[in-house]
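Dropping the structures in below, format is structure tokens.
One chain, chain A, appears in both complexes that follow, with chain B as partner in the first and chain C in the second.
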Partner chain A sequence: MIAPSVTTMDTAPTGGRPKSRGSKRAWLFLSPLLILNGLVVLGPALATVYYAFTDWSGLGPATFIGFDNFTRAFADPAVHDALWHNVIWFVLFGSIPTAMGLLGAYLLSQVKRFQVLFRALYFIPYVVASVVNAAVWKMLLSPTSGIGHAMGIDHAWLGDPDTSLLSVNFVVDWHWWGFLAVVYLAAMQGVDPELYDAAKMDGANRWQQFTSVTLPGIRPTVVFLSLMTVIWTLKAFDYIFIMTGGGPAGSSEVVSTLMYKQAFNEYEAGYAAALGLTMTVIIGFVLAGYQYLKRKGWEE
Partner chain B sequence: MNLAMNRRRLLGTAGLTALGLTAPGLLAACAGEEEPIVPGDNAQGKIDLWIDVQGDANQKYFTDNVVGNFEKARPKIDLNATFYKGEDLRRLIQTSLQAKSGPDVVRGPSATQTIAWSRAHILADLTPYAKKFGWESKLATWAMQAFTNDGKLYALPMRVDTMLLYYNKSLFATNGWQTPTNRSELEAIAADAHGKGIVPFGSSNVDWKAAGEWLMTVFWNHYSGPDALHQALSGQIQFTDPVFVEAVELVKSYFDKGWIAGGTDKYFSVPSTEIGANFGKGTVAMVPQGNWFMSQVGQYFGAKAKNDNEWDWMPMPALRQEVKYPLFEIGIGGSLAVNAASKNKDAAAEYLDWYYGDKAAALKRMADVPSTYNIPVDFADADIPSTIDARAGRVLTSVNKAVATGDYGYVTWTWWPPKTDVFIYEGLEQVLTGKLTPAQYCQQLADKFKAEKAEGNIPPLPARGPAK
Partner chain C sequence: MTTSTLERPATKAAPRAARPMRSERRAMPVYYLILIALAVFAIGPMIALLFNAFKNNAEIGANPLSPPTSLSLSNFTEAWTRGDFATTMLNSAILCLGSVVGTCFVAGLAAYALSHLNVRGGNGVVAYLFLSSALPVQLFVVPLFFMWTNLGLTDTRPGLILIYIATDAPFAALLLRSFLLKIPHDFTEAARLDGASDWQIAWRVVLPLAWPGLLTVALIVGLWSWNEFFWAITFIHDPELRPISTSFMAFQDQYSTDWGLTSAAAIFMLGPVVLLFLLLQRKFVAGLTSGGIK
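Moving on, here comes the complex of A and B:
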């Protein structure tokens, strides 16, 4: 009876102090970054929350208007169109590069020679600045001098409201799928080769090996990149802004380009902040869903 | 122990939250009324200017002939110029001014947008400096008035804008086309060119979304006419009037015939450099563009562009019998102002006084670089240096004459309020893609204009008739 209590009395202070000291030191080292983060991330983020409830023009003082910006957004056809374009963007951006990346990675994993060269080639579009890629593709898609024109197809890919969003998405998919392929390849190389041997012994063909060994083996990577894809879908901005500016007639407008226009062209920064806040809430739900699934062991 | 940690975390979070929530209030408080300015007599020190001068040659010219000459004239002041891309510059300056930072000399947007800036008290009141330096006697009254709000001058006009119809002179000669002065002559050439596989009017909004308002400026001025525009802008008639709707219908019909850009889809997708190259080659006959295009159009013609063609410009033909010819729209492309938060306003104002006050230097700049430096200083035709390109010189004399005789119209980016101005080109895209009819477009335009006019977001309009 006595011994344990003595042990507790002796060990508790000596074990607790260094831990507490270490913890304080850790916070001390972290504090500059936390303060910086508070100033450049948290401060503006909270300011955005505040401005979302005001009629701020982006200049001068702001007046509190409650939920007016949000009720306006719910009824605004431009927001509805932009959100719908985000959905289309998500479906395309979430499926095509992933499928191509998985296929490219799997095929590359079968190649012994020149694998590094192919990896580099796949990766190049991703490392080139988006502004350069977009500017080059804008010329390549010109109906009077681009690739299509050279092939006898004079379609204005970016100028036709029916194809503008799809054309920009094509360019984004083009720059993105190689990156996914390289990441998936790295993940595939971590799959135990003995599993493939066992599958072969069981008579599995290549497709069965891919679905039963490869995909389960790289599931954490696939899940993580899918999550990132959803977030990047909602953030889609640069290629659209440079290649079409959201046009023609809003046919390639997504919420982020609409926000930019509202804030800087229409002097409706409060409304833009409300749109931004709405998108943040949507992303928050996606992240919460991901965490939920992760805890349920979906990733493993 | 756990409770203590939670409390600390809670307090920390609350502190940061308070910081974040206070920040907007502080920003808003910072943007209050400014102190009255009393100009000093000993301007000196360093001043910053952010400016959208593009290309090495143009930047070198600015550094040597503007920065260099100013520092020679005012040796106590050090002018530090930083170059930015046009579209980025407005966003950067707007953000920095709101944060009580940014350049001392502000390269601002057009008159209509500058009103929004002045109302947010981020631009210094230049009225005391205008009195001190006598700017009213040096600059065109109509241009100064465009930047006056509630009796205070907030900026100075940076460049006089007008719309011209550029044409491939060699192509016109080859096809026996005479420069048209009315709609039927213009449409005859357009039909002939189109039949020969030549795009009659080159235009594109790929690199500048607002290019649509250039077209509307042309069609409203030369079809609807400046008198109707003056009435609409002063609230006597509405933009739903048939004379404005018909002008939009005419633009659309030109697109539908493939006369403008070769069609709507190409207008939205062929880059402007390609239009320029085709103009030089002779597969585009005419380009309705602003006078600023004069500093770029030369690159598409001659040995450098590997063709023997020549270019020139003509006034836009009258598109309706009742509209005068020749007629030149007038407006201001951008402004120069002083940052309300500048710690060296006197030196910034000295720069403005030098830039606008030295007429000989200003005219030399106008002669050296076509249209880029066309500030609205008062000058006679005889004052223009003989070294100027004849075509650029003709722009100066034509606009001067138009203002003096009252044969001038209005560019949308100066005389329309800001949100209405954005709708002019955003809404035109809807018309061209069939989402709005011309009548619906004009109705929405009228609604927006009415709301903004009621808020007072419109610059003072010069009265019809001869102006200074």
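Moving on, here comes the complex of A and C:
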């Protein structure tokens, strides 16, 4: 149910009216959205493609320098570190919330009472603002007032380069898994209950039921969300920016925060554009790969 | 999503043979135990925040997670004035209202065209809307910032509202379109035969039937605008114009060791959202899970 926009792309009904009537009028209805989106999103996005090949501070004129920004990025140790952090982020963010979400959703689908209540409680961290969630966990992870302090471990989780990235990732996983649980629950409710009855008849235990009925039944949702995880990993910004600012000593820097600093602190807007473009190209490959797999029938 | 579908598997399983039922019953306490543990994990931090909002710093240092011993409101009153929450909440309310009204209008028109009018290239538009909501902001933030600076739109509320509308409208249009597709074409055709114009049909026939969809979109866009952080910190620097999200962050940096004060401030930002969510849970969940691509 999370992917209606992809799957229903070709199902627009075509009314019974003569074709000539209304098409121009229809574009009139579409124009406010397209003009505004073009001004804010598409235009600047195309401009980024150009600026990625220039030396530009953001204020003055831009000088065309070919692929210099990209060769610089390939050699830049800060970019290597940030990319590596993105990889770690992807592994953790792709596995922990998914496992917890599937667990929560499966248990919820099995119980009869308080289902709506649990669902609401799991969902709340997702609707709370990132700045608030970050503040809550800054407090709980602080060496002077947090959970560790209550248990006698005065460790600065966010201030130690060894744990900063993992700590922020933990907070992001915490706010995210409940959302996945709700999405997976909705998908699980679409699985034909008779399949479970048949599996039970065959003597399947709960784990077998889960792996042979539940998981195949919700596979399109799992595939789609796994794909989106790649995209969300590259977009990861808010919590890192708020909680550590990429520090200490770049230990939690990812590509998006690095890019932001290049653009707005270092006035290297051209270089930042190149980094942003690279991120987008990677996302484009992921989306294309998904479409390809879908055509091949992996999803269905 | 509705409760009737939630209960379907349970009622179907009820008349089954006794054996699987018994094993199900044996597993139930374990299930509830895990579900409760997950709920504590999800909500516990919020409870700790609420507790700490009533405690002073010495109390928090001594017992970081325990309930408060007194219900002192001094943190709240002090945070309210020191953080100027009257101003920032008003700013956020204006941003929410502007982006909700603007997005509903812009996305509503587009969704009407994509569901009830013949658009040549309509599928291309739908594909574009999907792709543009998957684009990372990092692709367009830099040129947008310098363009907005040249246009004098940075550090203004309308400038930020325009960005919110432009970035939220593609999702909103797709969601509204899926609502509008359920309105039978017979309705609009009948109105058309009576001589109504497209505008009249949109306004008099489709709009009254589209209220549930619009309400969902309004809630989600309102929530996003209230919580929004990235655009606000990039485009608004004037403290008088700052929304609650960035001003709260500045407040937290300023009083970073005064956990009682910052907890009370966090309640100001979180309270309205959680209350509204609990009241309209189903609408939020349905809308956000379909818009989770953002």
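Criterion: the second predicted complex is superposed on the first by the 274 of 300 C-alpha atoms of A that agree within 3 Å, B and C clash if a C-alpha of one lies under 4 Å from a C-alpha of the other, contacts with A are read in each partner's own complex, and residues count from 1 in each chain.
We take it that a residue touches a chain if its C-beta (ideal position, glycine included) is under 8 Å from a C-beta of that chain, and two chains touch if they have at least 3 such contacts.
Just so you know, these numbers come straight off a predicted model, no measurement behind them.
S.K.: Record, for the superposition on chain A, whether partners chain B and chain C clash or fit.
M.R.: With chain A as the common anchor, chain B and chain C collide in the superposed model.
S.K.: Please indicate which partner A:265 is in contact with in the superposed arrangement: first for chain B, second for chain C, both, or neither.
M.R.: So A:265 only meets chain B here.
S.K.: When both complexes are superposed, which of chain B and chain C contacts more residues belonging to chain A?
M.R.: If we count touched residues of chain A for both partners, the winner is C.
S.K.: In the superposed arrangement, does A:217 touch chain B (first), chain C (second), both or neither?
M.R.: Touch partners of A:217: none, neither chain B nor chain C.
S.K.: So, A:59: does it touch chain B (first), chain C (second), both, or neither?
M.R.: Both: A:59 reaches chain B and chain C.
S.K.: Using the superposition on chain A described above, determine whether A:138 touches chain B (first), chain C (second), both, or neither.
M.R.: both
S.K.: With the two complexes superposed on chain A, say which partner A:158 touches: chain B (first), chain C (second), both, or neither.
M.R.: first
S.K.: For A:94, select first, second, both or neither according to whether it touches chain B, chain C, the two together, or no partner.
M.R.: The answer is neither, since A:94 touches no partner chain.
S.K.: Mind checking 41-49, 59-67 or 95-103? I need the stretch of chain B that runs into chain C in the superposition.
M.R.: For chain B, the clashing option is 95-103.
S.K.: Kindly list the residues of chain A that each of chain B and chain C touches, one partner per complex.
M.R.: Overlap of chain B and chain C footprints on chain A: residues 39, 42-45, 47, 51, 58-59, 138-139, 142, 144-145, 264.
S.K.: If we count contacts the way the header does, which residues on chain A are in touch with chain B in the complex?
M.R.: Residue positions touching the partner: 38-39, 42-47, 49-51, 57-62, 138-139, 141-145, 155-161, 164, 244-245, 247-251, 261, 264-267.
S.K.: Mind pulling up the chain B residues that touch chain A in the complex?
M.R.: For this pair, the touching residues of chain B are 16-17, 19-21, 23-24, 27-29, 31-32, 90-91, 94, 97-98, 116-117, 119-122, 205-206, 209, 262-271, 274, 278, 418-419, 422, 429-430, 432-433, 435.
S.K.: What residues of chain C sit close enough to touch chain A in their complex?
M.R.: 1, 3, 5-10, 12-13, 16, 20, 24, 27-28, 31-32, 34-35, 38-39, 41-43, 45-46, 48-49, 52, 60-61, 63-65, 105-107, 109-110, 112-120, 122-123, 125-127, 129-132, 134-147, 162-163, 165-167, 169-170, 173-174, 178, 181, 185, 189, 192, 198, 202, 223, 226-227, 229-230, 234, 245-246, 248-249, 252, 256-257, 259, 262-263, 266, 269-270, 273-274, 277-278, 281, 284-285, 288-290, 292-293
S.K.: Enumerate the contact residues on chain A facing chain C in the complex.
M.R.: Spelled out, the residues of chain A in touch with chain C are 1-2, 4-6, 8-17, 19, 21-23, 25-27, 29-30, 32-34, 36-37, 39-45, 47-48, 51, 58-59, 100, 103-104, 107-112, 114-116, 118-132, 135-140, 142, 144-147, 149-150, 174, 178-179, 182-183, 186, 189, 193-194, 196-197, 200, 206, 228, 231, 234-235, 237-238, 241-242, 256, 259-260, 263-264, 269, 272-273, 275-277, 279-280, 283, 287.
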